[in-house]
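Got some structures for you, see below.
Note that subunit A is present in both complexes that follow, paired respectively with subunit B and with subunit C.
Coming up: the complex of A and B.
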């Protein structure tokens, strides 16, 4: 009994001692509810989620301190869902840092702006700053006249980089299948023919993380832009063109054709993009639809991977240019309530100039948002940066998310042969009508 | 006789085969973690064997230094020791009270406390954040510890109350006759008898606090106060992950929990079995 008593006494004493130590250490550090928006410290604080860029960010922050004497601190909080939670909680407590990103869609971003959490950067941008960026990269953070969220028109965010989706192809596997590795397929017919040859050589022709619905939707959207053009897409959203239009049938038939020719990697509709990236990186598939971030990912997974880039293949009867998903990337926003707002803007101006952007691009292998910096990039990134001008245009209206979801789900159903293209477009039109009635 | 012996042997063999298969499926991720921690990044995706081509022991050193594991490790030890000790102390006293004392609204209060088990931590982020802000405990170790302690109380109550209720009252009555106080009975008799249940509570809460990360990331901003799981995040990027260093870091982070489990193993089985029958 005595032993047991001693045991509990020891545990209790230990707990009390450590509590005391913990409390002492807090007092020494002055930890009494310090916030991200701390008025006492003359330090510009940035909360971000890009853990893989932290080292490069810190290098630039040090350089900025050496040049200006202003201290900038990058604090990483990842993964993104936790970061979002932190931002939401900090916004509720009015404790946001000087610079942050709510990782939000336009609707959510508008609510942050309307609540006074995000500064309007239009005046600063009009001072020549906006000219350094790819125009597309600015549109994601821009609100136009009469926007549906009643946000004052202007530019609210600073783009750091841009990303686009293209098709990577494995040159060695192309050679193995008797294809010319320097002449990737440009037309749909050539694409299907290449798929047949690859399949005949025992190689899986095409992989992508179609388990992530936005990827399959983005691939289909390239053909939507190609067949309908901007006005046609707007008319579809407005209900003037039905989803049963023959051009939609053609888009769904493209996926069926790929399926009939066994071009898809096995399990593609349940595959997350990480798995698809791994499949391509280890040479288990010859082509992969992926974003510009893939350059970094493939380098890390398999540095000797020999690959090239191609646009999604063109359709012979397309009236409009084929565009790709992308144009936007990571952005940063300035806290309107920050006492260091001007310092934060000054830092971001410096941060997005050519020299810093070239450094960031080379260190992190992302396409910089500064268009001049894109000229100094390795070839593969330069190709990606050229595609920024071929990305989807911004639409003044958005399709209901339920309809978009139906399109993606039905595309997946066609890929696994669960539905015919005719059934798929009829179901989408049904959903569109349901949403229109609401 | 031979038929029954044969039947018994076949059944035993089948049971063992199934158990071995289940064990292997549980152990495989551990083997994979250790194996990957000794490979190169490019090898992880190209070499499917559990044996690395070249053993990269340097990954452990790199992981420890890159992620500043020493500081995070100490923080996690503080959070775990203080948090678990406080949870055990508070919940054992409360559970004993609920099991042995009669007071108005006992059941309502008990179920109210237990119902907090249904609230997922992410759902409580914003209210917790605001509460800690108004208490000036944001970005403090005390604030985070209080969250951990309050988060562990419901489960501890649930586990210990049923255990205390099943203890023979006669021993406590004898102690009362001998002049022992209520607190004396709890401290000298009930608590030592509840050792298996407490061991279970300790290991479960150790696991919870040691592996907790989301709350720490929301509540804390000063990286010098972050727990060990924060160190692991250094190796995970938005689009890419440094698997060898991440796995080496995970292995380092797993060791203390495995040691605690091994020390308390014999009590845990008893505690869980007792809780399962009585709860």
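Coming up: the complex of A and C.
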């Protein structure tokens, strides 16, 4: 009896071990061909981070199933950094879904392509598909001849929408401060003057999610384009122009001027954009630098918010046009190793046609990447879609992320009064030299 | 004592096998892999990893002041936790140990913050500290401190790190409280009775009876506090993201930042260095407590 019991226990223990090992190895066999753990050959799986669009995506997926019999499943993972980590881990484990986005800059995107995780869509795009998109929306997903990352020239991603950064302003608060709500400031001097009047009226002039470093960096980058132009920026990245250049000093002085005139909302340097959006939506700040997605966000937070749009104010001595961050918005990429690659491409083709894009634009208030679909937008989104032509050009080289991070941190330091602009640019140059040596 | 036969040994091994596999897969393998990766330059995606030896370690040690600043920030939070948090935990444990009514209710109340999610706690406290809507400023203004009406606790260099530390202490004192209370309850009452017969007052009883009896417990609480505070991440991530201008960055946020920017090799080297620092601190602590116990 005892022997029987022991035998039973051993068998049970071994069964636990075997099932455990089997669970660990289950998805290794098929590599990414298993497509995000799903073994169903008819299901195209998409991993994305756009929580606000999930319902609209699911509606379109159902429509596609009704039309073609192909099931498409959208799975949301948020926030974006968590999503990004999931994609990286899935790539390492060869468990990527059929369609995904690595949320990467061009350098990282190149790594994904060179490692064979992302499909080359050039042939499919050359079949007339690429003509439906805004040109700028494709550039981020495109690699040209002799690119510095040695990626085969071609188009690798499908843009879903385009987005740009502009300054929203609250018309009611402008009126309260004695400003003309139909004539927002166009020059830097007018911008500062408006800030002073708003502050005098007890209104916080400017808010933005500067806690998310890329937003403070994007605001500064508009003036970088305005003062340096494309060649100047490339020369800075290549080290031919130092960060101690007087034009960089001028950029940092703009932030100091805003600080000196108390234009920043309380806590701006640790504010994430969601908090900045809330601050603007409930009328706690008069101006907000935000993306075109803000239209949908503000509508959900405060449907009666009365606002207009303006470009970041121009500098009088700028040699080049002032550009804004943006161009491409959200893109999707096809898993090169997916056995459903063709089905995935076919779905994305359908997904970016006018009818679906009009539906998405209407439901989610984002600017569609399809040019034709962008014709029937509300006025405020039309202004955004017009600004797509004024977005930064794609650069053939990229600054080391550590240097970019240093720029953003030092901008924060100037905003909180910890450093002078002179100290800030000297520190950035120091980091640039450290990275060059590395 | 009878020696186990080889059959019995095999039989026993089968039972520990599941736990052993779990340990090997989820503990030992990641540890060794981390150590291995720290010698390579790799972005987590590329097929090729470039062996760079100790170059990344050298760069972190000599050319990455931001990393060492983040270590100091974590050290500052740890110092506050060791003193204020554990002081509060000891005080509350002493009070609850006096066989008061509703002892269990206090235990539950004090142990609630530690079991809450760090991200949720961080977000709630972020609202409390907020310069635009925060209830802390509203309360201070209602007390007459009108200059605090739009004070951004988490964005001012002077207050950001301490504000985060306060939340960490609020969240963490319950652990220390429970362990210290358990320690207090193991001290035989006879010791106090003997001390009382010898004429010792309450303070003398505390210094000469309670404290020496609690030294092993203090050691454990101290080590847990150091490890917990040095590895703070979720609160910082949800409250400041390391800002303003890196003033609340701690080692884990730096490691996370580098990993998020495709520096897998470099960030694992940072993690190894951080692990060594914690190991050294813990060993010093153990050594010191052994010396005191002797």
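Quick note on the criterion: the second predicted complex is superposed on the first by the 379 of 438 C-alpha atoms of A that agree within 3 Å, B and C clash if a C-alpha of one lies under 4 Å from a C-alpha of the other, contacts with A are read in each partner's own complex, and residues count from 1 in each chain.
To be clear about the criterion, a contact is a pair of C-beta atoms (placed from the backbone, for glycine too) under 8 Å apart; a residue touches a chain by one contact, two chains touch by 3 or more.
Computed from a prediction, not measured in an experiment: that's the story for all the values here.
Trainee: Contact-wise, after the overlay, does A:80 reach subunit B, subunit C, both or neither (first, second, both, neither)?
Mentor: first
Trainee: Quick check for you: in the superposed arrangement, does A:60 touch first (subunit B), second (subunit C), both or neither?
Mentor: A:60: touches no partner chain.
Trainee: For A:88, select first, second, both or neither according to whether it touches subunit B, subunit C, the two together, or no partner.
Mentor: both
Trainee: Could you tell me if A:296 is touching subunit B, subunit C, both of them or neither one (first, second, both, neither)?
Mentor: The answer is first: A:296 touches subunit B but not subunit C.
Trainee: With the two complexes superposed on chain A, say which partner A:377 touches: subunit B (first), subunit C (second), both, or neither.
Mentor: Neither partner.
Trainee: Let me test your reading of the model: by the given contact rule, A:388 touches which partner, first (subunit B), second (subunit C), both or neither?
Mentor: Neither subunit B nor subunit C is touched by A:388.
Trainee: Looking at the overlay, does A:407 come into contact with subunit B only (first), subunit C only (second), both, or neither?
Mentor: Touch partners of A:407: none, neither subunit B nor subunit C.
Trainee: Check whether A:281 is in contact with subunit B, with subunit C, with both or with neither, and answer first, second, both or neither.
Mentor: Only subunit B; A:281 stays clear of subunit C.
Trainee: Please work out whether A:50 is in contact with subunit B alone, subunit C alone, both, or neither, and reply first, second, both or neither.
Mentor: Touch partner of A:50: subunit B, not subunit C.
Trainee: Once the two structures are fitted together, what part of subunit A is touched by subunit B and by subunit C alike?
Mentor: Common to the two interfaces on subunit A: residues 14, 21, 85, 88, 92.
Trainee: Under the definition above, what is the set of subunit A residues touching subunit C in their complex?
Mentor: 6, 9-10, 13-14, 16-17, 20-21, 24, 81, 84-85, 88, 91-92, 102, 104, 107-108, 111-112, 114-117, 204, 211-212, 265-272, 275, 279, 284, 401-402, 405, 409-410, 412-413, 416, 418, 434, 437-438
Trainee: Residues of subunit A touching subunit B in their complex?
Mentor: 1, 4-5, 8, 11-12, 14-15, 18-19, 21-23, 25-26, 29, 31-36, 49-54, 75-80, 82, 85-86, 88-90, 92-93, 95, 278, 281-282, 291, 293-294, 296-297, 300-304
Trainee: Would you mind writing out the residues of subunit B in touch with subunit A in their complex?
Mentor: My answer: residues 41-42, 44-46, 78, 81-82, 85-86, 88-89, 122, 125-126, 128-130, 132-133, 135-142, 145, 187-188, 191-192, 195, 213-214, 217-218, 221-225, 233-240, 242.
Trainee: For a test of understanding, state which residues of subunit C touch subunit A in their complex under the given definition.
Mentor: Against subunit A, subunit C makes touches at 11, 14-15, 17-18, 21-22, 25, 43-47, 59, 63, 130-133, 150-152, 154-157, 160, 239-241, 243-246, 257, 259-262.
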